[in-house]
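Heads up, there are several structures right after this.
Look at the two complexes coming up: chain A is in both, with chain B in one and chain C in the other.
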Partner chain A sequence: MNVGRRVRVPAPLALPAVAAAVIALIPAFYLATQAFARGAGNVWDEIFQSRTWDLIVRSTWLTAVVTAASIVVGTVGAWVTTRVALPGRAVLLVLFALPLAIPSYLSAFAWISWQPGLEGFWGAVIVLTCACYPYVMLPVAAALRGLDSTQEDVARSLGRTQRQVMWGLVLPQVRPSITAGGLLVALYVLSDFGAVAAMRYETFTWVIYGAYRAGFNPSRAAILSLVLVAAALILVTLESRARGRAGAVRIGSGVGRNRRNTASPRAVVGAVVASLSIIGVGLGVPVVSVISWLGRETQRSVPWADVRGAILDSFLIGLLTAIATILVALPVGIAASRYRSRFSSAVERSTYVTHALPGIVIAISVVYAGIRLLRPWYQKLPLLVLGQLLIFLPLAVAAIRNSIEQSSARIEEAAKSLGAGTMATIRRVTVPLALPGIGAAAALTMLNAMKELPTTLLLRPTGWETLATSIWKYSTVSDYSAVGPYALTLMIVTAVPTAIVTSLTVLRVSRPSSPGRQE
Partner chain B sequence: MNDTPALVVDSVSHSFGALGVLEGVSLAVPRGSITAVLGPSGGGKTTLLRAVAGFETPSEGTVRIAGNVVVHDGRSLVPPERRGVTIVPQEGALFPHLSVFDNIAFGLKKRRGSDAEKRVRHLLDVIELGDLADARPSSLSGGMQQRVALARALAPSPALVLLDEPFTALDATLRQTVRDEVVATLRREGETALWVTHDQQEALSVADQVAVLLDGRLVQVADPVTLYREPATKQVARFVGDAVVLRGTVDHDGVHALCDTGRVTLSRPAVAGPTDIVIRPEQIEISANSVDPNSPSCDGVVCSTRFFGHDGIVDVRLASGFVVSVRVHATLLPAVGECVDVRVNGPVLAFA
Partner chain C sequence: MKCPRIVRFAGLAMAGSLLVVACGNDNAEPSAQTTKPTAGATITVYSGRSEKLIAPVLADFTAKTGIEVDLRAGDSGEMAALLVTEGDASPADLFFSQDAGALGAVEDAELLATLPQETLDMVDPAYRSQDGRWVATSGRMRVLVYNPGLTSEADLPVSVDDLLDAKWKGRIGFAPTNASWQSFVTALRVLRGEDAARAWLEGFAANDPIAYEKNGVVRDAVNSGEVAVGLVNHYYLYEKILAEGQDAVKAKNHYFRNGDPGSLVNVAGVGILRSSKNVAAAQALVDYLLSKDGQTYFAEKIFEYPVASGVAQYDELPSLADIAPPSIDLADLRSIEATQELLSDVGLLTK
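So, the complex of A and B:
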């Protein structure tokens, strides 16, 4: 009923929301000023160089191959976990999702330490595919589960074979989910720094890092970033469109959830082989490598004080980042969900801009901002937290917005009619109701901040070492026995929450959504 | 001062884009009374209610609450939280993170202390949920939730309570009971209520005054009996109850008319000439007649019957060929094919 209603965002909400938008636009502002610092002509010169062109080809090739591989692996994984009657399918789904928790740089080093010859393109493909296929698998599994099985029965009764049903009926219906997942993968590959750096495969992110390290050529770094951002922006746009269409698939499929599972011997054998390969490559290699590093450790004493210090530093940075990110995201999320207007959607969109910026670009822009504007913060904790915040802000805003939209706006109207003012309603009703979602967003931010590499590498205060930077420091010099304890800790810290979140999601999806309680 | 109506809506119009939803609506709700706004869904009822509560600002007109102007010519002068108007929404909208007690106490100025405690306890007793003060809303049945929503709305002693189709989410048997309880509570506490509904039975049974809202216009505002007996238009007549509409002709005396059931008396004088005659099904009485169904002295022939338990509907084909539906006691259901005498009791309505 609220068509064409004009709403004004109340000032106590609007001011912090605008502040959040301004903060979120820092990297874009930096990019623009740096890239054009030596004039537009210089921009064209840098872009139309043969080495820039090489870079574009290499990045595109890697992105295309990883995306294709992730779509195949992810779709097979989704099919195995939803359509084949294997025992313990829920556990399987969690195992399949776990590679999400392993940072790409860590599994890259794990592969190299085992097979040094893999360095380069194919190593990067393997590592990135393992890190990325869950982005395809999870939405496709959800779509498969949501399909109306009576449709398939009807098709079979009309004379179609199982195979024809699969290709002609099922796949077309989950295609939007596959597309959306594939675009996410492409976005991830473009902005990944850890895996390509560990595998020494020159793509944009690594070259940008190099340009920054070697004598700090800010203009070239910024121009290359701009090209990368342009590519990412295209992907973000395509992704949000595909997501819109994927949503429509689920709306229309609210009936007939009782599903027979394929249990033909051939299917079961195929599923078992597929599962073992996926788990073996995605999870087995990194885990076994890390454990073998620990085994080498016995000859040398573990520097426990250093490990403890790294855990504490990671934890503190994660915690501060989570708190700061939620505080900045909250007013934006509330304004975007409850006070929809041109103003609030402009503010919300500005906070999404960094979503298209790779971590390394954000990190460099924050270094710049630190030198120019926030000199007292340079190489201090607040600047690192700011950098991390910029990376995770889009996710936090989206999560908060979603969790607020879960509860009916009528409840807030009831609060207002009972005399609670705008801010009182937010404090007494909106935020408490959205608290589980806000808490989940905070936990996820903390988790991601603890394993984040490029920003931490560039912005950490002098003398600070996190789990991520310790792994990086020792791995780049192939001192794997020293990496062991850090790697294992990071794996445990990130894998346990991922397993819990995935299994909760699986449980929620497999159960029919419970309607409001009625007499 | 005490004669100031709790709510005055004066020539209020509102539109969403090009779509007009309210057109020149004027209505006064006297203190301590229940006014029902009756209309089909999409008729603008909810918009009117939201405009009074302050969640929508109508583009024209004035709204006064307890004498104070809150909306004037497209501008909201008082925000929802300071209007002293509380709502009982369709789905209850209880705060799921608060206990029943805290839900009811939500709107009190002081939520702690003995006064608040006393007020909430009193309301808990009124809604007969004294034992469930610490329960969570999710553990309550739909009917209980709606009673808590009412208590929550009454707690701050508002100038006016708005009820937005409060029982549509409940099933039919429960609806009657909860409705009776809610009306009893409103009456006992002397509250003023604006009650929005699409259910004509609900409107007629709960309200002192019923306002019929059709296509954004208030077509008639009257007490329930007047509304039912003397609807202003044929449309209202059909909306507030079942109606049999026959073609007929008004006599030259203006108080009688001739139609398929014979000569009838009009409840109000009409202009002589062709007209529509509206008869309530319960006004038509049929009695078994043993004459041959084909003889000209037979008034009508039963063509079908529907049995509902306590009563039934009999479709009778009149001599003219027109079929009328008649409500009769279940024990009196005639057989299909039987001939019946048809009589109309009491005055009927004519709409030219």
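So, the complex of A and C:
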């Protein structure tokens, strides 16, 4: 079933892909220069402290638990919305995806103000799992929807139980989607500061922020960040092993029949309970909290002009980041899915490394590079967009790769056999087939850029105020009635790209098949 | 598409100038720098103080001098990291920090210019850099906020050591992640040594203090009677009275005296970047912040302790001479990272 061919990546694709890798490695380059500026001895001294090991253990533990929980919740969510005969499954899927629209610093604070006792490890697990499971759910739902159901019917008719079909046939086919989503979750957990800070669970990121905020020591922060870079490399390697050689691609087409969804009472009741819990925990708590801040002080009028300005600034930053990120991610995604080789996987992996770094580290590295090399753009839009791009590039690469892998390579082969050149095939077949995935990647980048905080704070053009920076501005002075309108607006505004991501990732996946469909 | 900063500042400027005129119109004499070589200039200020706190005084400065201010606000430590990373190419003219530590870090990176002696002389030597590269603009004091319904005034502790008494078990609120609390612990380490500080923290932890997310939440918990007392900064009480009226607020401030670490005074301050191309305009802002108008804003509007120009503290506050806060070199409060490690160790910071 492996349709990726081990061939040379054509030069017109390889060049931009290498450029993407170089851009993606800016932070790693900065960290290395900064860290080794005072000699390797200093690096070992900073890293080999008694606390470091302890923090690595804590971070590893948190990453493992959140990743496992996200895989379970995400897969359950995907199963419920694709395999159980529930009414309104499309709406349900969007509701499941909506926690993507809520920044972790916000939902952590919502949980703390409701249940102060949750502080600590399990509080961090809840908040981070809610923020992350959609990264598993969306690709898994897409894969489940695209599976050829006749295979399952055949297995059943040969006497396999439903359970055997699930574990033996379905799961292996969605495994690449699960591991790819799990990787993004794990990298995000390593980088997160908002949730663990509010939950007071000390992780490795906590000491990196401490090095800036309490130690006033950017070079110590750089040294500690190298540990996260190493962790990211390990995770990326593990994932490519776990993904296995099997692609989740259906080569031929199935017959044009709809899958019969489970309608057994047990499954439906289970699905309803699961749905209510996912929505209640992931969406209910933060939304109710934010609405209660709004109600706290009703006499004060909402500064609508400022809110409108913040929406515009957020939107523009999100849009430009989305466009730039897609342009950089596209060659990487195509190379990684269609021209599998050591080269293309090295390029792809290099774009993932930054995702484990906290926003402040990426911001400072862009400051370092930008003020030396791109002075006229410093604290202007292009550099802010670059900073955001570095953070969200792997999300876009993963979405594009996932989408291309789900389309059949046979059509491209047909195009080539009919005389189309490599680039013409990419332009006229691969990209159009991947358009829904590209759109999903763009929307995903956009919604993340709109809620991003640390990079925006340092790199935004003077006077720009996004929804996220407004939330930050008022929450630092504990003015929660002023935070309310911005927080609620942010959730509503980012809900739109979230719905687009969901629909393009999952709902557009034709079932059983579009290429070579038999009518 | 962008609501220009100027428009926003113009609005704030009008509001701000009304406030300042209303509260101090007898000293409307212009500061020395109003003599226009710098009017029309724009300076870039990196601030670790929140925009909400300082926007009014900056707007007033612009109204009085014609110098526009581009403000970039963030965490003080992150702003210091930004400045250190930018080095001589920084677009910033002035750094307005929430605490002395971040100013010291930028000073150590040799990025701050020496301030004129007459500027330095406006501020008590304890509240400025020894090398003359930054000055405090206002001070804040640690206090014990208490609920008179839950503790009699006679029972209130004379020293922070009295808080270790069993009678306070489970009745003290504090904000473990708050920078001012961590500065207090740092002062304890500096004043008494590592072992004594650890012993105090262990005793404190054994008394089951209640951790809250922020100082303001501690204050609210004291006011509502959730806990009897709380360790916070002095101005939180007055913020609440300003917002909700005196009748709504039961809580009161209790001060530690005679050099007790419990009444540590920490400062916010400013320094001018050596790389600034607008030194005169930046200096004008420093002078404005230390002038009668600037100091009156800090004293009357955000209830901080003024540090210059003979401006008196807010009426309800005791004078610094009255309290006799512990004498400490503010540069010694830099070791907050070590404080955080100690707090983690005794189980007071993280879970």
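Going forward, the second predicted complex is superposed on the first by the 264 of 519 C-alpha atoms of A that agree within 3 Å, B and C clash if a C-alpha of one lies under 4 Å from a C-alpha of the other, contacts with A are read in each partner's own complex, and residues count from 1 in each chain.
We take it that contacts are C-beta pairs under 8 Å (C-beta built on N, C-alpha and C of every residue); 3 or more make two chains touch, one makes a residue touch a chain.
Worth saying up front: this structure is predicted, and the values here are computed from it rather than measured.
Peer 1: Going by the contact rule set out at the top, does A:Ala221 touch chain B (first), chain C (second), both, or neither?
Peer 2: second
Peer 1: Is A:Arg213 touching anything from chain B or chain C once the two structures are fitted on A? First, second, both or neither.
Peer 2: Only chain C is touched by A:Arg213; chain B is not.
Peer 1: On the A-aligned overlay, A:Val429 touches which partner chain: chain B = first, chain C = second, or both, or neither?
Peer 2: first
Peer 1: Considering only touches as defined above, state whether A:Tyr378 meets chain B (first), chain C (second), both or neither.
Peer 2: After superposition on chain A, A:Tyr378 lies in contact with chain C alone.
Peer 1: Quick one: name whichever of chain B and chain C touches more residues of chain A.
Peer 2: Partner touching more chain A residues in the overlay: C.
Peer 1: Using the touch definition from the top, say if A:Ile411 reaches chain B (first), chain C (second), both or neither.
Peer 2: Touch status of A:Ile411: first partner only.
Peer 1: Is A:Gly419 contacted by the first partner chain B, the second partner chain C, both or neither?
Peer 2: So A:Gly419 only meets chain B here.
Peer 1: Which chain A residues lie in the overlap of the chain B contact set and the chain C contact set?
Peer 2: After superposing on chain A, no chain A residue contacts both chain B and chain C.
Peer 1: Could you pull out which chain A residues touch chain B in their complex?
Peer 2: 1, 3-5, 407-408, 410-411, 413-422, 424-425, 428-429, 432-433, 435, 516-519
Peer 1: Given the complex with chain C, which residues does chain A contribute to the contact?
Peer 2: Residues of chain A touching chain C: 51, 109, 112-113, 116, 119-121, 197-202, 206, 210-218, 221, 305-306, 309, 312-313, 316, 360, 364, 367-368, 371-372, 375, 378-379, 454, 457-458, 462-464, 473-474, 476-479.
Peer 1: Show me the residue ranges of chain C that touch chain A in the complex, using the header's touch definition.
Peer 2: Going through chain C, the ones touching chain A are 1-5, 8, 44, 50-53, 70-78, 80-82, 84-87, 89-91, 101-102, 104-105, 176-177, 182, 211-214, 216-217, 334, 336-337, 339-341, 344, 349-351.
Peer 1: With touch defined as at the start, can you tell me which chain B residues reach chain A in the complex?
Peer 2: By the definition above, chain B touches chain A via 16-17, 46-47, 50, 53-56, 79-83, 85-87, 89-91, 93-97, 106-107, 109, 138, 141-143, 149, 152-153, 155-156, 162, 169-171, 174.
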